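Listed below are the structures to be examined.
Both of the next two complexes hold chain A, though its partner changes from chain B to chain C.
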Partner chain A sequence: MLKIILPTMMLVPLTWMSKPNMIWINTTTYSLLISLISLTYLNQLSDNSLNFSLTFFTDSLSAPLLVLTTWLLPLMLMASQFHLSKETLTRKKLYITMLILLQLFLIMTFSATELIMFYILFEATLVPTLVIITRWGNQTERLNAGLYFLFYTLVGSLPLLVALLYAQNSLGSLNFLMVQYWTQPLPNSWSNIFMWLACMMAFMVKMPLYGLHLWLPKAHVEAPIAGSMVLAAVLLKLGGYGMMRITTMLNPLTNFMAYPFMMLSLWGMIMTSSICLRQTDLKSLIAYSSVSHMALVIVAILIQSPWSYMGATALMIAHGLTSSMLFCLANSNYERTHSRTMILARGLQTLLPLMAAWWLLAGLTNLALPPTINLIGELFVVMATFSWSNITILLMGVNITITALYSLYMLISTQRGKYTDHIKNIKPSYTRENALMALHLLPLLLLSLNPKVVLGFIY
Partner chain B sequence: MNLLTSFTITTLFMLIMPIILTCTPAYENKLYPQYVKTTVSYAFTISMIPMVMFIHSGQEAIISNWHWMTIQTLKLSLSFKLDYFSMIFVPVALFVTWSIMEFSMWYMHADPNINRFFKYLLMFLVTMMILVTANNLFQLFIGWEGVGIMSFLLIGWWYGRTDANTAALQAVLYNRIGDVGFIMAMAWFLLNTNAWDFQQIFMIEHKNLNIPLAGLLLAATGKSAQFGLHPWLPSAMEGPTPVSALLHSSTMVVAGVFLLVRFHPLMEHNKTIQTVTLCLGAMTTLFTAICALTQNDIKKIIAFSTSSQLGLMIVTIGINQPHLAFLHICTHAFFKAMLFLCSGSIIHSLNDEQDIRKMGGLFKSLPFTTTALIIGTLALTGMPFLTGFYSKDLIIETANTSYTNAWALLTTLIATSMTAAYSTRIVFFTLLGQPRYSPIITINENNQFLTNSVKRLLLGSIFAGFLISHNITPTTVPQMTMPCHLKMMALTVTILGFILALELNLAMQNLKFDYPLSTFKFSNQLGYFPTTLHRLAPMMGLSMSQKTASMLLDAIWLENVLPKSISYFQMKSSITVSNQKGLIKLYFLSFMITLILSLFMLNFHE
Partner chain C sequence: MAAGLLGLCSRRLLAVAATRGLPAARVRWESGSSRAVIAPSAVAGKRMPEPTVRWQEDPDPEDENLYEKNPDSHGYDKDPVVDLWNMRVVFFFGFSVVLVLGSTFIAYLPDYRCMGCLREWNGMQEWARREAERLVKYREANGLPIMESNCFDPSKIQLLEDEE
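Up next is the complex of A and B:
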């Protein structure tokens, strides 16, 4: 594990010591190399996990997320080049350092063996994210967004700390590898119900669960591009990952505790996706679509069947890449029209045909076109919920339809139609941007060939 | 026998070559359309070999498997099923597409993105090939969705036009509703039979198959534009004419029927679903025929006639004759493609005029198109010994002699007669009488691309039905004997429709309605579907999402219940509890008092 943690740490001196004109190139190349090294973790040799040391391990659940994290850093660096071009050198370096710190924490979060360490790192990721949002956001609302982001996640996760301390006392260990053998079934009592809530709430807020999702659109909209990307792609998945890890401790209480949250998620996914239909703000639309997709993941994790776990894992990865790509596309629009409003960027297909192709592909993956892994994920989730209760197919069906609608609405309103006069003299798309989109899409396509890699530990 | 598989695979792989070529500079070449067209024609020729071998050797099916992955207990494989349906459909689709592509080289020659257009057409075809050769539900779903998305791209080809975009979105929306049914069926089969492979699904006995079959029926309803989910089909006419031709003949819309044909081993034992299918088909065929009667847009009339024929195919599935439905798919492809190409020729010649009221007398200026159009309409109505006859006549015969729902059968018969009526209307208004178009002469039908493609389809419209119907083995026992009047029924109602329509047109030509009748309005307004369903439902959905989801819940309740109320209470309580209240004057006053006091104290302390 150290072989990717140490290089990630060394990225910081690289940033600060690079020549001014080399900082982007150096960091991007170097982080891309790190992500290539981390690809080896996808090859899970043994049945259980790769244990590197007492503190770090990966298994087939965390490995894809880990690779996603490392894959995303070069992409974030590529994406933020333009909007930082006017900043001073020190600030650029500070920004890059924040991203590197975030990646460092995320890597350690995904590979921690100890729950307490997982918790600490889980909280530690808040710091760089908060700095990125509140310092480099574009409008004054960023402060409010930062406040919401911090308080929702903190308030959600503090009870978890208490619960973890209690569990440490009663179980004697919080090691992921041990806990699954040690854990006792939780009898149904009030205190255990609160235990369940304390353990799950932190992750549900992070996911986010419908009702506790208000921080997400705000944070996504106000964050600079790299912040939006990493939030959508990785930070939300921390919630899913944590839930999957911690439910092993909470059986059999999940069976009935899940009901209200499943209802909320099923209801919320329709609500949020119908909100998407009325968005005028491109980034907000993508943020709400994230909430809707994550609701599917929550449902899947709470069902706790092998199929649903596979679906949840696949969907997390697929959504990570897709939503990150959509944010990049939205940002490329924003850098040209200086507005997130969709109606101000109509008819872009005429002007930027290649970008339109990326938009099309991103939109299609977002609506889960077969045979992308988005479909595999959604299909498995739908199947698992169908077997849980047949009636849910109605809700799922409505959601599938609305998802298709807003994805195409987004596509049509930005790319199709006649272009407006004020965008006549926009810049053509850069190679950097096209490479960025290609690097998002490439893993999606490759994973479609062999989805097994991202199906988690029980395929 | 291995040759059979390899030839078919060759056919399929040949089609992918031009798509791969888009990554090379050849894509920029002016000859790319030519190249695509030639590839398709070669693919057609090659696909004939395995078809002939297949029919000759009388096999049932060849299945090739290539293991993809195993998930839990489910084995997913990339497998092709080459049975009668796929083996016969592939050449038919290739033949029709070949002609349509040649036609679009003429029709789209001025389009700057013609290369991309050809790529899309080819991808549309390829997804359809995936669909028909698939042997498991997942692979079928890939083709199924691919067809839907390609239709989105092609219908919205002229993306600058709002109507085209709306039509494209409509197509995806209605298809997506159908997809929900498909996904439900997939989930059910996985849950109950633990298989997505057709053979395994068919082998396992099940008592109650209503749920998955209803799902499949919903899927077919969406894709094949059956009643309720039909409005996207006429709207899809916003796309270029070659797209309409391809969409309506051999790809996309027949996919739904094809799905039901594939699943007939399950359907044939389920009476409930069969009845539903029958009634749905009958309703569609009648309703769309009624709509076609009063349309004035030539493409719309032909579109509605497709819808009506699709209804007829679904009726055929409902009376448990899947092979007849399949036969009708194949024969229909020829003459429907040709009708669209003819209308394209007319539209192009009249300078993009689609209204049949502004045509007329074209039989003198466009003799070749006239010939093709008349043969096409005759084939459509099922005139004896043209292509349509072999399937349509059989279907109506079988329907008449079966002892199922009499109302549905009667409805079908009325729709058949109406087919003749609206066909007459096309011929009457476009070809006969005096010219009503503008005198600027742009009429020209002498381009080779046009004549060759239409000629080829013309031959198909005359002979294909005979050839195919002689080589397809029935899956169920056909009715051998019937009374004379039942035998003649199809022909009688058709001729009746012709005569009635002709007489009415001649008699009413110079008359004018005082006011439109309510029946006329119903038909002309497409049964008030667009005015109600397309306004009310989106309006309700969108205002609900705005008012309930966005404003009420997200912006007000969720915001107020948690963050706002917490901060409010914090603020209030901190104000109440804290000692420091910002009363600066008072504080300074007390401070001064202390100061003065201390001064006094110090002063008097001596």
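Up next is the complex of A and C:
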């Protein structure tokens, strides 16, 4: 694990000591090399885990998420190069440092053995993200957004700290690999119910669950492009990953405690998909679509069946890449028109045909087109929920339909039709933007050839 | 007097330039003689006043157009050399190294589910399928039956003597 942690830490001196015109080249190069090294973690030996030391381990669930995290850093750097070009050198280096710190904390979070260390790093990821949103966001609402983001997550996760300390006292150690063998079935009592709630609320807020999702549209919309990318692609998955880990300690309470959250998620995914159909702000649409996809993941994790876990893991990776790509596409629009309103920049297919191809592919993966892993994830979750309760198929079917509807709505309103007169003079697509989209999409398509890598530890 | 003549010449020049449609710079001379007043010609190209309203479709003056100085810009940087090298670095390390070598690595990863584990845990499923196909091919080629009803060779089983 040190083979990616130490290089990531050393990216910080690299940024501060590079020549001014080399900072982007150096950081992009080395972050791509770090992501190459992280691919070795996909060589999981059995359905046990790779244990690197007492503090770090990876298993088939955390390895794909680690690869996603390390892959995202170079993409974030490429996406931010343009809007930071007018900042002073120190500010650029600070921004890159924030991104690198975030990556570092995320790597350690996904590979932490000790649950307290997981918790500390889970909270630590909030700090660089908050700095990125509030300092480099574009509108005045970013302050409110940062507040919502910070306090929702903190309030949700403070009970988790209490619950983990209690578990440490009663079990003796919170080393995750041992805890999964030591757990006793929890008897049904009020204090255990509160402990279940304490453990899960942090991750419910992070996912986010439908009733606690208010921070997400604000944070995603107000963040600069790198902030949006990392929020949508990785930080939401922290919630899913945490839930999958912590539910091993909470049986059999989950059988009945999960019902309210299942109801909220099942209803919420339809609600948020429908809200997407009525959005005028492009980034807001993508943010709500994230809530909808993550609601599927919550449902899958709370059912706790083998197929649903496979679907949840596949969906997390697929959604990470797709959502990040959609935010990059929205940013390419924003950099040209300085507005996020969708209808303001319509008919782009005539003006930027290659970018229209990326829009099409991103929209298609968003609506879970076969044979992408988006479909594999969604299908597994739908099948698992059907076997859990037959009537959920109606809700799932409606959700899939509405997902297709809003993805196509986004495509048609930005790409098709006659372009408006005021965007005739936008600049052609840069190589940087096309490379960014390709680097998002190619891993997604390659994974459809070999999905067993992302199907998690139940596969 | 000479100044007046010069002034006249300049005005005529200006007028000529204006009628020829050439851009005429408005030149105001400070004449040494205080009596000579050289006013700009009334004929010299009357330009429409610059528009004071900024239209939204006009390029935002704060936006830098990377294509202006460097028409081959790849979108990374103003400096063409840095821009070119950035593009090369991204494509080489991003595509040629990580995507190509990385996906080759993943494609050749061993059958990672539970090597040597039980069949119930789906251990070595791909290996088992390949081994079965290999054995079937061998047995068909050599005329041996594909499967025998005995799992183990009966001659090798040593039964215990009957004891009372």
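The working rule: the second predicted complex is superposed on the first by the 458 of 459 C-alpha atoms of A that agree within 3 Å, B and C clash if a C-alpha of one lies under 4 Å from a C-alpha of the other, contacts with A are read in each partner's own complex, and residues count from 1 in each chain.
The definition used in the following text is that a residue touches a chain if its C-beta (ideal position, glycine included) is under 8 Å from a C-beta of that chain, and two chains touch if they have at least 3 such contacts.
None of these values were measured; they are calculated from a predicted model.
Trainee: After the alignment on chain A, I want to confirm one thing: do chain B and chain C clash, or do they fit together?
Mentor: fit
Trainee: Which partner chains sit in contact with A:277 here, chain B, chain C, both or neither? Use first/second/both/neither.
Mentor: First partner only, chain B.
Trainee: Quick check for you: in the superposed arrangement, does A:81 touch first (chain B), second (chain C), both or neither?
Mentor: second
Trainee: One more residue to check, A:427. First (chain B), second (chain C), both or neither?
Mentor: Touch status of A:427: second partner only.
Trainee: Considering only touches as defined above, state whether A:450 meets chain B (first), chain C (second), both or neither.
Mentor: Both partners, chain B and chain C.
Trainee: Going by the contact rule set out at the top, does A:442 touch chain B (first), chain C (second), both, or neither?
Mentor: In the superposed model, A:442 contacts chain C only, not chain B.
Trainee: Which of the two partners, first being chain B and second being chain C, lies in contact with A:393: first, second, both, or neither?
Mentor: A:393: touches chain B, not chain C.
Trainee: According to the stated criteria, A:240 is in contact with first (chain B), second (chain C), both, or neither; which is it?
Mentor: neither
Trainee: For A:417, decide between first (touching chain B), second (touching chain C), both and neither.
Mentor: A:417 contacts chain B only, not chain C.
Trainee: By how many Å are the closest C-alpha atoms of chain B and chain C apart after the superposition?
Mentor: It comes out at 7 Å between the closest C-alpha atoms.
Trainee: Touching chain B and also chain C: which chain A residues?
Mentor: 450, 459.
Trainee: How about chain B: which of its residues touch chain A in the complex?
Mentor: 69, 71-72, 138, 141-142, 144-146, 149, 152-153, 156, 159-160, 162, 165, 168-169, 172-173, 176-177, 179-180, 183-184, 186-188, 190-191, 211, 541-542, 544-546, 548-550, 553-554, 558-559, 562-563
Trainee: For the complex, which residues does chain C have touching chain A?
Mentor: Residues 55-57, 59-60, 62, 64-67, 73-79, 82, 85-87, 89-91, 93-95, 97-99, 101-103, 105-107, 109-110, 112-115, 117, 121 of chain C touch chain A in their complex.
Trainee: Give every residue of chain A touching chain B within the complex, in rising order.
Mentor: Touch residues, chain A against chain B: 148, 151-152, 211-214, 271-272, 274-275, 277-278, 306-307, 310, 347, 349-350, 360, 364, 369-371, 375, 379, 382-383, 386-387, 390, 393, 396-397, 400-401, 404-405, 408-409, 412, 415-418, 450-452, 455, 458-459.
Trainee: Help me check something: in the complex, which residues belonging to chain A touch chain C?
Mentor: 21-22, 24-25, 28-29, 32-33, 35-36, 39-40, 42-47, 60, 71, 74, 78, 81-82, 85-86, 338, 421-425, 427-428, 430-433, 435, 438-439, 442-443, 446, 450, 453, 459
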